[in-house]
Amino acid sequence: MAKTNAGRFFEDYALGQVLTHAVPRTVSGGERALYHMLYPARHALYSSDAFAQASGLSASPLDDLAAFHIVFGKTVPDVSLNAVANLGYGEGRFLKPVYPGDTLRSVSEVIGLKQNSNGKSGVVYVRTKGLNQRDETVLEYVRWVMVRKANPDAPAPETVIPDLAKTVPAADLVIPEGLDFTGYDFDLAGELHRWGDYEVGEIIDHVDGVTIEEAEHMQATRLWQNTAKVHFDATFRPDGQRLIYGGHVISMARTLSFNGLANAQMVVGLNAGAHANPCFSGDTVKCWSEVLDKAETAAPGVGAIRLRLVATKDGSVGELKGENGKYLPGVLLDLDYWALMPL
Amino acid sequence: MAKTNAGRFFEDYALGQVLTHAVPRTVSGGERALYHMLYPARHALYSSDAFAQASGLSASPLDDLAAFHIVFGKTVPDVSLNAVANLGYGEGRFLKPVYPGDTLRSVSEVIGLKQNSNGKSGVVYVRTKGLNQRDETVLEYVRWVMVRKANPDAPAPETVIPDLAKTVPAADLVIPEGLDFTGYDFDLAGELHRWGDYEVGEIIDHVDGVTIEEAEHMQATRLWQNTAKVHFDATFRPDGQRLIYGGHVISMARTLSFNGLANAQMVVGLNAGAHANPCFSGDTVKCWSEVLDKAETAAPGVGAIRLRLVATKDGSVGELKGENGKYLPGVLLDLDYWALMPL
Amino acid sequence: MAKTNAGRFFEDYALGQVLTHAVPRTVSGGERALYHMLYPARHALYSSDAFAQASGLSASPLDDLAAFHIVFGKTVPDVSLNAVANLGYGEGRFLKPVYPGDTLRSVSEVIGLKQNSNGKSGVVYVRTKGLNQRDETVLEYVRWVMVRKANPDAPAPETVIPDLAKTVPAADLVIPEGLDFTGYDFDLAGELHRWGDYEVGEIIDHVDGVTIEEAEHMQATRLWQNTAKVHFDATFRPDGQRLIYGGHVISMARTLSFNGLANAQMVVGLNAGAHANPCFSGDTVKCWSEVLDKAETAAPGVGAIRLRLVATKDGSVGELKGENGKYLPGVLLDLDYWALMPL
């Protein structure tokens, strides 16, 4: 009996299947410090206990995207070890802040399947939940990936494509209990722009850039216990390059967007996401944002802002797709998310 | 009076000499997070407080090898600063888990000396103990190194070669107090293979690989306060290469072996170890294991498994030595250890 | 309205202006572990709670220079984003140890201004304070930088050059409350040399060296939330090189100086500092120290020692400036500081 995990192939998935992902993880101040070392993270709520407490939280939580990466990393051995491509994200919501001392684990359910017409692969849709040690769901999202078949003759499953919301409705966003921005300190946060200062359609060039190194993207990916060979083993791809984990680009872009969006403090919704082109060591990641929508919330002083975050490797701003409808070659990431901002 | 430490030379050691190594170290969640960033560490007992508590421990301990590196690092200025070669390890036992908040220090005793026939160097055998803040020994091992003489005319000491056990007898392994695997959650641990599923002689190809970067091996080595110049200073060796700390290869291989040995949770014995060939930045480390022995323990649900762990830089599996009895050039590490596994 | 921070230009500063720097930061054991990973840090007081407690402190504090970098990093967006050169430091004092759990923020006051004769730039002097969550000043220092004008026609301010002490008088050094070195354990600290063993004028070659990698200096700089583009973005400078944050060289040299100055435990004063030449990835940093002064303190068993710490990239020792009075090309850093040492 082979002892190593060969991963699941397309024919190994069935609708309604529940995947209990392995290796629960307890986070500490160490993970928080590392997030600040790996990314130019400066959002005050994730940096300072005092700032978080003045905003009604018990302490500074782990960055929402760090929690996302931990939950996501656990799914890799069961979902994407034999993936040809990570096709998209949707219906993501952050439901509870994660604090040092919390232990996270992940569970996924297969909610859609569609074999490709070539018969060699298919698309698997999973809804993943991250749970803490009290079995509370801290975040959830849908992800769909293209997965190879091991046996091309395996019969195609019934095609089921889940009916996913294009965006998470503002009314469905969950605001952390107690969050209150009425006493928000804009000086300490780093910028004076409040929710009312942003207009739908506005584009923000975040100006700063980071050139990526092999050691850094491997460390970031490993920290989340994501073990896909393609990120670590230079002998795995014929070109000898290590593909950078898409989540590394997400966190790099989100933290770079501080410069212009310092007050977009908490990520509460993930509407859509596409890794437009692969990223490799040596690329210089820059980013820009577009304000897509705005909404009020029930929490005191707290507004929601829907943002498109675009990471590039060519420093372009405002350009996304070519005439053929495809992403331009300089675009790395196109992410659509909701954040919370002081009114 | 020169203020810098020139290190000890062969003639500076005497049988029975006790070396009190410097720089005690308090560990926190930070060291645990870093171990997960530097290595693809996924053994659940070291990742999750909840998993460790369900196994009868008070919390998730620091990885045993991280504790080993901390204890080992302290010995470098006194034992191996002038070492020509690190010849071997033996009689290693892990006696107490190390938890965040513990402070470690190291003490060694010289237990053997043998001048080489060339008169220019000799072999020094030390038994090293790592102690916590309660003066409890958390781990111990024997190590022997070849050390240069500063003065070739210094008289040779009486030759004393310690009588070392080839392996730590299973009966001498110390099982952490309270450890109980009867309620072990194989799904959360990541693999279903239990102690009974492994057969002596079985060989496991761990499949995954990591290409090593200068920044990463230096950071790992520095974290353990191991300051041997050869790991950090590219001007030190004539070829401009930085030699990678052998312990970095040990931890890389042990964590890569998760894939196939996810349930080999705790390292409790170190029978033997040899760094077969040097490792440099750019090498891709892969590994394979061979089951050498199995034994029962007195702890509920807990079996012991003796494993040979071989790290390679050429991806070979199952091959160790050539016809001349020497390690093949692609082999980096040959480690013989005991781990604890659920029955 | 542009949302990104363009930084302040010379004409934006006014004498007496108070700058409240953004992004407070709570530190944990994570930051301490990272300091040990990024630098060869071995001073026992910063490594071991037990050692610190035996010296009269409540626990092992965060390394003084780590606290300095955190405070300094916050000033970058307001002080040096448009800096042409970082000209000097002075009147630095460390007033309170920083412990895990503390939250740091920074405030600066403009204490001097002098437009350059070319009318295109000027020198800004700021006194910066780092404060903890109890509004206690943990450290303070003066720094002066040359900053560009955005509008060359902006009128020159009245020239005010602050009258700075050439060195912090020993009597003004603040010894941490309770510090007591009468029971100092020299074996655990790593060297036997005490305060009385050092002579003014003595030069110490610290022997060890570290070759710098891009990933490491970026991580260190990012950890302190210093976001100056020039350190991270390889497309920013015409030569494609990333300039290494001067503070990275300071910490590298200070920690390398352990070998010969293991008992220079706490940094309490920063008299002067100059970044003599830029440092880039691939440089091998070595260092030497000169004993400049010695003083007694009121604390039991505690002496103060004033040291010149010189970092080089060519391994030279004892040489600082050429006949023209300029720093030699191999010199990276010339730092003048006070440390505390057991008598």
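Of note:
Chains here go by letter, A, B and C, matching the order in which they are written, and residues are numbered from 1 within each.
Heads up, the rule we're going with is that contacts are C-beta pairs under 8 Å (C-beta built on N, C-alpha and C of every residue); 3 or more make two chains touch, one makes a residue touch a chain.
In this text the structure is predicted, and so the values were computed from the model without any measurement.
Simply put, subunit B must spin 120° to overlay its Cα atoms on subunit C, rounded in steps of 5.
Both copies, subunit A and subunit B, contribute mostly unmatched positions to the interface they share, with under half of the numbers common to the two.
Remark: subunit A and subunit B have CA centroids separated by 36 Å (rounded to whole angstrom).
Residues of subunit A found to touch two or more other chains are 28-31, 33-34, 100, 213-216.
For subunit B in complex with subunit C, the touching residues are 1, 3-5, 20, 22-31, 33-34, 77, 100-101, 103, 105, 133, 213-216, 218-220, 222-223, 225, 227, 229, 232-236, 242. Contact residues of subunit B toward subunit A in the complex are 28-34, 36-42, 44, 47-51, 60, 100, 187-191, 193, 197-198, 204-211, 213-216, 259-262, 284, 315.
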